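Order as written gives the chain letters A, B, C, D, E, F, G and H; numbering starts at 1 within each chain.
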Amino acid sequence: MRIGDRDFGSRLILGTGGFPRLETLAAAVRESGTEMVTVALRRIDPGARGSLVDVLEDCGVAVLPNTAGCYTARDAVLTARLAREAFATDWVKLEVIGDERTLLPDAPELLVAAEELVADGFTVLPYTTDDPVLARRLEDAGCAAVMPLGSPIGSGHGINNPYNLRLIVEQASVPVILDAGVGTASDAALAMELGCDAVLCASAISRAQDPVAMARAIRLAVAAGLLARGAGRIARRTYAQASTPEEGTPEFVHPSDPARPLA
Amino acid sequence: MRIGDRDFGSRLILGTGGFPRLETLAAAVRESGTEMVTVALRRIDPGARGSLVDVLEDCGVAVLPNTAGCYTARDAVLTARLAREAFATDWVKLEVIGDERTLLPDAPELLVAAEELVADGFTVLPYTTDDPVLARRLEDAGCAAVMPLGSPIGSGHGINNPYNLRLIVEQASVPVILDAGVGTASDAALAMELGCDAVLCASAISRAQDPVAMARAIRLAVAAGLLARGAGRIARRTYAQASTPEEGTPEFVHPSDPARPLA
Amino acid sequence: MRIGDRDFGSRLILGTGGFPRLETLAAAVRESGTEMVTVALRRIDPGARGSLVDVLEDCGVAVLPNTAGCYTARDAVLTARLAREAFATDWVKLEVIGDERTLLPDAPELLVAAEELVADGFTVLPYTTDDPVLARRLEDAGCAAVMPLGSPIGSGHGINNPYNLRLIVEQASVPVILDAGVGTASDAALAMELGCDAVLCASAISRAQDPVAMARAIRLAVAAGLLARGAGRIARRTYAQASTPEEGTPEFVHPSDPARPLA
Amino acid sequence: MRIGDRDFGSRLILGTGGFPRLETLAAAVRESGTEMVTVALRRIDPGARGSLVDVLEDCGVAVLPNTAGCYTARDAVLTARLAREAFATDWVKLEVIGDERTLLPDAPELLVAAEELVADGFTVLPYTTDDPVLARRLEDAGCAAVMPLGSPIGSGHGINNPYNLRLIVEQASVPVILDAGVGTASDAALAMELGCDAVLCASAISRAQDPVAMARAIRLAVAAGLLARGAGRIARRTYAQASTPEEGTPEFVHPSDPARPLA
Amino acid sequence: MTIVLNGEPRALQDGTTVADLLRALEVGERGVAVAVDAEVVPRGAWESFVVGDGAHVEVVHAVQGG
Amino acid sequence: MTIVLNGEPRALQDGTTVADLLRALEVGERGVAVAVDAEVVPRGAWESFVVGDGAHVEVVHAVQGG
Amino acid sequence: MTIVLNGEPRALQDGTTVADLLRALEVGERGVAVAVDAEVVPRGAWESFVVGDGAHVEVVHAVQGG
Amino acid sequence: MTIVLNGEPRALQDGTTVADLLRALEVGERGVAVAVDAEVVPRGAWESFVVGDGAHVEVVHAVQGG
């Protein structure tokens, strides 16, 4: 998978939010096989010196800063520019939120922010709704990928509207990354089967009872879904199709049975 | 997973029906990592000397004969006994079909056949409906596992009634193996997440455009689903849960902005 | 709809269980427009003289005794015979339960009881699973209708497996009555659209906050579903089909616009 | 239901597109009980003098002009103004389409057009996606109602994402009208149960095999869904809840039975 | 003698018929049915059917049920 | 002079008003609206509004639509 | 004499055993099973079991099956 | 003079640069970014950029985020 000017072997992007400890995060990163993880920007906390950047550097993964918490294009753009300073990267996971309770994106603000950041030379990966028209407009605006949600962040509802996701995939000429909603492995496999190029996953892994095991589970599921899509699944049929041939089925005739005509 | 007196490392049982060529079957068996495959009994065909048994022996997998094509307990029992002679195994995948179009099991006949075969010393793995009561009665009759369908054989509809499957798993004290209906990887992952101990899969693999790739896909999916179940997935929530902390979000104040009270 | 030797105008059968008061039951019966309601047999309670039979007689509805609480064919058959004495009717809603927690039917016992009661001259309406093969065997045994469940009694989950319900309807030559699972109006409409001849409904109405209003709601929904099925719904399409013609769409050309070629 | 300055008794708005003949349209309008129907504006066709307006006047229903076929805010606004001239109404069903194949709305353009038309004194009913944030922004912009889609126009897929529809209903303080996607009666009932105030329906009725019968079916379904919502449906339960009391169940003891302890 | 009536032991005089029993219970005949030792006693036999010692008698009537 | 009427070129006499045009088209006034060069011409201005050379005129009316 | 072999009539010499029959069919023993008149003939009895006139014989082997 | 640092008022000496401020905060330079009055201060300008009276300064760094 190629995003912007980078090739990725792994189809799983990991969100670093929600991990109880940095050690767990590091183990999950390694188990997931991911090559890129998201981070956020927050006010420095003189108390706790965070070694997050060091940990991720040790893991050898790229950092994708997000603009989580921004409710306007202005704040999101400024946050992206701060991230560029902080991490010396012009990649950004663009979030412009429209509702505190559902953390769903604000479509018009998102598009404005995307246009500004693209013009400013950023490689923009927008967290968007599952609206196919918005996805295409984001692509037309020059985004390097589109990242539609399956369901709200952290909800674990999986993919609420596979139909829309299919439409997005059909029309997109940039990578489509399912972002938000994955709750467990089968959700991730389904996303890939529907045609997504990758899955971005935070809470499903970081908040699982065993984050490291779930990191591995979702890694396998993403690989399984990608393979299955390539393998060409069987068509759905209304009725059954025997997996054992009928021809040659023996007929057991007991002398006491009523006579049957020979075949 | 332990079935009867045997331990299995692999959670995938492969049906051999539908593969276009024996070479493909052999490659798929190896790629799937399975330890047991199903076979059927049919009248000998003097024309084509089938080397199926040899191929499977080379693969080093156990053979699980089925009673496909039987519509009565009597025929199924007799077929099982023939299989015992042919393959020197007392294991049987018991099928008693009740309808030609859907190949759905005939519950009462199935139970009668299971009781007879258990009494005759067989290790009985019945292909059954997703009826939890029937599943328990089969277990009470001494079956070594229960193999409920997700949807009709070869239909590729996946799991039509996850609720019933959950009930079966909740109550079962023998392994529950999803048999029939799997269409692609995510179906297999879901089955394991719902609590199945294994998945039996024929058409989804043998009739895929690339059976060998699909064998690998479903192997990974089964592993992913099993891991995910063990990892303890996040609960489904009605609304979102932020994966980025709100605390510490910067506030960007421009001199031109209306004054805000300090935090 | 004709069941046995009786024609019904109403496609809704009401279960009398769960109503807080007899007055509410009577009002709901009238609002529902039903022509037949179920009742159960229990040990007489010298304390409370129940006027249930009188109430139902006033409503002018037929009584359909059930065998609720029976776990064996023997008990169900005996209960049906007691009901015949008590209500001077040879109609019976046959229930043979196989599990206390889910109250799901016991397929083999149900079939045995049905055969006995048919032989004894009863008009048998069996509460059954959504297993199409079992449904056909019950019909072959001489049942006057088949009453598959949508989901467990009182669960309000609606129709868990529309696919199976469709198969049952396709093959049945006796009325198919959805019994158990309805939670609200749309469930009842869907059942009729899937091809059911009628809906049997107790808890959804009797335990609603406003049973009388819900009785009317489900009455309307059953009528709506039946009408819709007859009206021939539009096919599902992958993409959109405009409901407004594209032809004749005006083109607004402002002098400042770039010149367009004439149509 | 009150929209803008008007009260409506009927909860069904009928789209006039797709009816084969004006007589059928008139009959369906009457059978549906609707009080308002949509119409479109197209170039006059000197050949066929359309008596559509007369027919609708005879039916005594209000006319709601749409802006179907517009792909920009500018065209939609101009079309709305033409409609105001043509029909002497400042009500408009605002459509700004973003994709020819799916006819899905273009969120940013839709919002711009809505703001302009509200400022121009229109009563704006926007056809929108099922995005809750966009729905709220349209309401904040002064729209008199929001009309989210269930699935694409004419697709008959019903409600693809009930979760989003629920969110829209929860937060809205203007009427929510399900627009587009309804295929049959149960879809309309479900929309009302989810909390919609009304349903707008064109193809499901106009393109049904029997449009007049379907008009009645959907009218009943809308009424059923509204009633059911008000009646307070039973909660969904994981297991069963008996609709017949267990207490007082007779125990049939035959002398040949093993002795049981008395209760 | 003693019978088991609806699960409870009950003393009874010899020769008591089902009809006697119902009268003693003050149970109207409508919507009622009787089983003795897992056999139905038809309405027409109530007057003549004598309940034996140790008999298991079930007297049932209509209740609300789904 | 020539205008574009509903996408088609049409010859017109100088000084033709919107009202003249509608009469020529034999279009009743009910349910009709007119735009000239992407601006609505209000009903009240039809008699006075003179269509200029090269004008793009759209005359629309109600059709069935969803 | 004549038997029915896998649904087809077949002439057979008197005294033919199951083993003779399999040899005649050139069927290897591996993965093969035989039923005569709806009863399984155990492998160990093939040499001794004589097929009677009119017998219904089924000779089966492994095929691919789900 | 007084500025607002990460939402809190803070007294500062005249002429304090962004770099001075970061040293005072004992914040390493890695993974840190600074905005003054809603404008990013590029890393290269930290030594020269003097924080003015009443300025709103945001100093941020990386945290775990989805």
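Everything that follows uses one rule, which is that contacts are C-beta pairs under 8 Å (C-beta built on N, C-alpha and C of every residue); 3 or more make two chains touch, one makes a residue touch a chain.
Remember, it's a predicted structure, so these values are computed and weren't measured experimentally.
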Using direct touches as single steps, what is the fewest number of steps from chain A over to chain G?
-> 1
Chains in contact with chain B and with chain F: which ones?
-> C
Identify, among C-E, D-F or D-E, the interface equivalent of A-G, where equivalent means over half of the contact pairs coincide by residue number.
-> D-E
Could you tell me which pair, A-D or D-F, is linked by more C-beta pairs in contact?
-> D-F
Between chain B and chain G, centroid-to-centroid distance (C-alpha), Å | 35
Centre to centre, by mean C-alpha position, how many angstrom separate chain D and chain G?
-> 70
Go ahead and note the Å separation of the Cα centroids belonging to chain F and chain H.
-> 65
Among the residues of chain F, which are close enough to touch at least two other chains?
-> 6-7, 35, 38-39, 58, 60, 63-66
Residues of chain D touching 2+ other chains?
-> 15, 17-18, 40-43, 66, 68, 78, 82, 102, 104, 153-154, 157, 202-203, 206, 242-245, 248, 250, 252
Which chain pairs here would you call touching?
-> A-B, A-D, A-G, A-H, B-C, B-G, B-H, C-D, C-E, C-F, D-E, D-F
Chain C contacts chain F in the complex at 242-245, 248, 250-255, 257, 262-263
Within their complex, state which residues of chain C touch chain D.
-> 15, 17-18, 40-43, 45, 66, 68-69, 74-75, 78-79, 82, 101-104, 152-157, 183-186, 188-190, 193, 202-204, 206-211, 213-214, 216-221, 223-225, 227-228, 230-250, 252
Could you please specify the touching residues of chain G with respect to chain A in the complex?
-> 4, 6-9, 35, 37-39, 56, 58, 60, 63-66
Which bits of chain G are touching chain B when the two form their complex?
-> 6-7, 25-27, 30-35, 38, 40, 42-43, 58-66
Partner chain F, residues of chain D touching it in the complex | 15-19, 25, 38-44, 46, 49-50, 52-53, 63, 65-66, 68, 78, 81-83, 85-87, 153-154, 180, 202-203, 206
